[in-house]
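Below are structures written as structure tokens.
Next come two complexes built around chain A: one with chain B, the other with chain C.
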Partner chain A sequence: MSAGVGRTTPGWLGAIPAVWLAVLFLIPFAIMLSVSVAQRVPGGFFEPGFELASYARLFTAFFGRILLTSVLIAGGAALICVALAFPFTVILAGMRRRAQTLVLVMLLAVLSLSEVIIGFSLSTLLSRTAGVGNLFAALGLTETSQAYTPGLFALMAGLCYLGFPYAVLVLYPPVSRLDPELGEAARSMGASPLRGFLTVTVPVLRAPILGALILVFVFTLGAYLLPQLLGRPRHWTLSVHITDQAIFQSNLPLAAAMAVVLLLVALAMVGLALLLGRQREAGA
Partner chain B sequence: MKRRSFIATGAATGLGLMAAPAILRAQSAPLRVGTYGGYFEDSFNEHIFPDFTAETGIEVESIGTPTGEAWLVQLQQAARAGQAPADVSMMAQVARIRGERAGLWAELDPAAVPNRENLPGHFVHEYEDGRFYGTGAVSWYITLVTNTEVYPEAPTSWTALWDEENRDRLGLLALASNSFLLEITAATHFGGTDILATEEGVMEVLDKLAEVRPNVRLWYRDEGQFQQALQSGEIPMGQYYHDVTGLAAADGQPVRSTFPEEGAVLDSGSWVVSSASSAIDRAQEFIDYMARPDVQAKLARFVGTAPTVNRELTDLSDEEFGAVASDLPPILPYYDLYVDRSDWVNQRWAEMITG
Partner chain C sequence: MTELTLRGLTKRFGSLTAVEDVTLEIPNGRFVCLLGPSGCGKTTLLRLIAGLEEPSAGQVLVGGQDQTRVPTHKRDFGMVFQSLALFPHLTVAENVAYPLAIRGVDRASRRKRATELLDLVRLPDVGDRRIHQLSGGQRQRVAIARGLAIDPKVFLLDEPLSALDANLREHMQVELRQLQERLGVTTVVVTHDQKEALTMADVLIVMDKGRVQQMGAPMDLYRDPANAFVAGFIGSTNLIPCRLAGRAVELAGTRIELAEGDRVKCADGDAVLSVRPEDVRFAEAGLLARVTFIRDLGESVQFTLDLDGREVSALFAPRERPGVGLGDSVHLAFEPGQRVVLAP
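Right, the complex of A and B next:
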């Protein structure tokens, strides 16, 4: 079977994505690396060169805190997204075909919204003057209308809105292929639906769940608009500071060094997650 | 012989013809002028560029640019590749000085810009060796703005920013180099901006400024975000541009701009030409035109900016002048701080704001 696939798919076809990867990722990354070690000219731009001064600036409690903030916010968003998306997808897969298509089309429609639109819509929706606070006040839940933005809640709501469709789209294929007899077997052995879900469905789908977590984590780690629009300064992620350095302070070496560190941290987190996943699988 | 010369002439004509479209294009290509995208660009398109074209025959292609250093970075990157995304650009002062340090601006011929005589010295920009490269384009004030429905009484002093009554009600600019909050704090609490000359002084000012943090709901980078919140009363007080606030008020929005007793911040933009531009002559003509007193008066009337030429040269009435400027002594930005000590200041600023 695999030999047949090898014969009908010419080997050179693989070169196309390889070239694409080199052009669109490796070359820009190499430029970024070279800029990150370039020499910063105070009051000007930068000169090509090799120095680690920009990296040295990152070894401070300040940047450590920002990096931790970024990882915690992205990790939190990933956990919330997948925690919501997994049961959602299981229920979705149990629905009739027509309803499934409708829901998936709606999710894809969400993907077409830009971060800017999501950010501004949420900041209006959570505002004191035009937002849900007025509804709560009218219902008598609160005395006067309140603002729920900016803050951690607003930021998480925005990031999860952004990441949720991705989590569902990663989980949907394996969940819809899941053998329904597994759940039925658990129930026939006397497990409650919730117990069956937790002890059978979740462990079987550990790999796609991990995949969804990683995807949302990496995706939200790069968000820089939502933390500005919906977060307080203490929620500004490394991406926001990279933007400030690159766009507003024209300190490209420092911005590039931060971006390299962010990329390495993201890769390390992904590697760690995969390693933990494999170990647990081997242990089980 | 004849035939040979015919062929030679023919070849030359052919080459000439092939080259001709490029030359024609270069001559008829419009002068690309970069101004801040949005309101500024729209106003220049409506009130300034058509008259300039009518008078000089030079077509203008308007380019909306981001404010501040974002555009500087783009110009710099493009110039390295020999490209000029715009011929003439309006640059904020810190970005202009940075461009000067990097030698990014094309040298201009002083004789081609006679109207530079109308400008005060600080609006005639030269390299250290005296080469002339730019002029003051427009100036504007950053004032204390309020929503009139939330604040029936106008505040009178910048001290309102520190007032505990205003908890979680302020919108302030997010960066040291465009908010000039260090200067505002120094003028309000330390008797002037001289304290910013030393790092210890800056730290003292930053500590004082850190006290406003509980009052700040939004540290904004995007002007539109704050203006919308100011108009709706969501964020009813803050610092903003006098010109835009006046226009919003004229549109019936419940907003007002106040010149505080300590003075408002007087900032400005300057015309500079990218060294990669191939339209220096026309750029000079444009810069000279923009330094005419009647054009500066028109800018004040229609765009709402304060004139860069001396007021006496213009025919602005007291009322017209009052709408765009004030006779109160302004707070002048301490630009050197953001050029010479920019990395240090930005780092301390970021620590203060996120702390």
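Right, the complex of A and C next:
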């Protein structure tokens, strides 16, 4: 099999993505790395050099809290997203072909919306003067219209809106390939539909679920617009602070150092998730 | 005692009727094969019994209790699926004990019962393995063990042996039958393989186009088919068009008097005569046919003959092989008492 693939796909084709990866990722990353250890010139820009002052500034309770906030918000968004997307995808895969295509096209359409549009739409929808607050007040659910933004709820809603289509698209192929007889077998053996879902469907698809969690986590970890638009300052993630340092404080070395740390944290979380997944597999 | 009763069971998918008005009774402890060509509705009928499909009309009764509206998971059936549907995330023993875990049986009892069941299907010492570490035949046995875990009232199997190669398949047919005899569980197996059905079944139900064509003991169906479809589907047969008039048929310009034991299942007029290849004999006089092909199969010899433009097949034991060759003309006789006249 692998020999056949090797014969029909020339090896040098691999050089093209390798070169692109080097040009678009490795070189910029090297530049960022060098900037992160450069010497900041107060009131100016920075001079090349090697000092760890920017990193040292990160080892404070202030940045620790920001990092924790970022991880918690991205992790929470990933959990909510996949908790919604997984049952959604299972039901989607059980629908008729044409209905499935329609839903998938709609999800792809959602992907074309930028973070900016999603953020401003939600901040309008959740506002006191123009949003659902008026509807609730009119229905008599609340006495007067209230604002639901900015806040953690608004931020999570935005991040989940952003991450949901990705979670579904990652889950859809394995879910639609799942043998429907597995669920039927569980039912024939006495499991209620919910019990069968929890004891068979979810564990059988553990790997894709973990994949979707990682994808949404990494994706929302980099979001910097939504936390500013929909969150309060205490919900501002590391990405927001990187933008703040780089653009408004003109402290590129600190911004670069924060970006490096963010990348390392993301990698560490992904590694941890994969490790946990593998251990469960071996131990189960 | 009747274990399983179906009354007017019907299933329609849109304009397509998959199962039409099936009424039958299956006595306790019998091994029943649902036999028919693909698309005849046999799998749908099994799924209706299991509760995996909701009938458009009719009832399913188990031990006299109406189960039609009872959801699958409350029916206490055992089932083996065509894909086997073993759970890849569980070990072999956990798979077998899954129905018990769902019913809240404690871990030690589950373990004990799983070992018992794996011994029963002659698969000891694999309890801790993963499903993907087993061979096809072993997986088959695990699926059977799992289906029997709760001592089901009715054991349902949907083409359970279809994934196995021919040798293993024949072996498993015998083993499944012996296992069922030992346990005495009422069993319904769906199959499209008539040899498999004849090997295993006490009761054969032949289906075509969503309807039950005939139900009965395998040899009764073989000797006394109700119609041309059953005659052709159970074993092989020669279906020769003829005209029936009283106790005689006319075919290829020759009149043949029917003997005692020959069965007539239709009215006078156009009909078909069903004669098994082993009941075709070469005679001194009578119907004239020409040998067009000879198949030597070792255990038997099969002659293909041309009778008035129709193909007729005759089967002989090697010792009784007639001394005729390809292209020779021979006279045919059909064994009296073994002939069935059916509606065309």
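In the analysis below, the second predicted complex is superposed on the first by the 284 of 284 C-alpha atoms of A that agree within 3 Å, B and C clash if a C-alpha of one lies under 4 Å from a C-alpha of the other, contacts with A are read in each partner's own complex, and residues count from 1 in each chain.
Here is the rule we use: a residue touches a chain if its C-beta (ideal position, glycine included) is under 8 Å from a C-beta of that chain, and two chains touch if they have at least 3 such contacts.
Everything numeric here is computed off the predicted structure, so don't read it as measured data.
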* Simultaneous placement of chain C and chain B on chain A, clash or fit -> fit
* With the two structures laid over each other on chain A, which partner does A:179 touch: chain B (first), chain C (second), both, or neither? -> second
* Asked: Taking the superposition as given, does A:9 touch the first partner, chain B, the second, chain C, both, or neither?
  -> neither
* Name the contact category of A:189: first (chain B only), second (chain C only), both, or neither. => second
* Using the touch definition from the top, say if A:142 reaches chain B (first), chain C (second), both or neither. => neither
* Asked: Taking the superposition as given, does A:121 touch the first partner, chain B, the second, chain C, both, or neither?
  -> neither
* To do: Report for A:206: first if it touches chain B alone, second if chain C alone, otherwise both or neither.
  => second
* Kindly classify A:101 by the partners it touches after superposition: chain B alone (first), chain C alone (second), both, or neither? => neither
* Asked: When both complexes are superposed, which of chain B and chain C contacts more residues belonging to chain A?
  -> B
* Identify the partner contact of A:62: answer first if only chain B is touched, second if only chain C is, both if each is, neither if none is. => first
* Asked: What is the minimum C-alpha distance, in Å, between chain B and chain C after the two complexes are superposed on chain A?
  -> 46
* To do: Using the superposition described at the top, list the residues of chain A that contact chain B and also contact chain C.
  => none
* Structure fact -> Residue positions on chain C within touch of chain A in the complex are 50, 52, 71-79, 81-83, 85, 87-90, 98-99, 102-103, 146, 149-150, 156
* What part of chain A is in contact with chain B in the complex they form? -> 40-45, 57, 62, 66, 120, 123, 127-130, 147, 150, 228-229, 233-234, 236, 241, 244-252, 254
* Residue ranges of chain A in contact with chain C within the complex -> 179, 181-182, 184-193, 195-196, 199-200, 203-204, 206, 284
* To do: Flag every residue of chain B that touches chain A in the complex, lowest number first.
  => 66, 68-70, 72-73, 76, 97-98, 101-102, 174-175, 177-178, 217-219, 221-222, 225, 229, 232-234, 339-343, 346-347, 350-351, 353-355
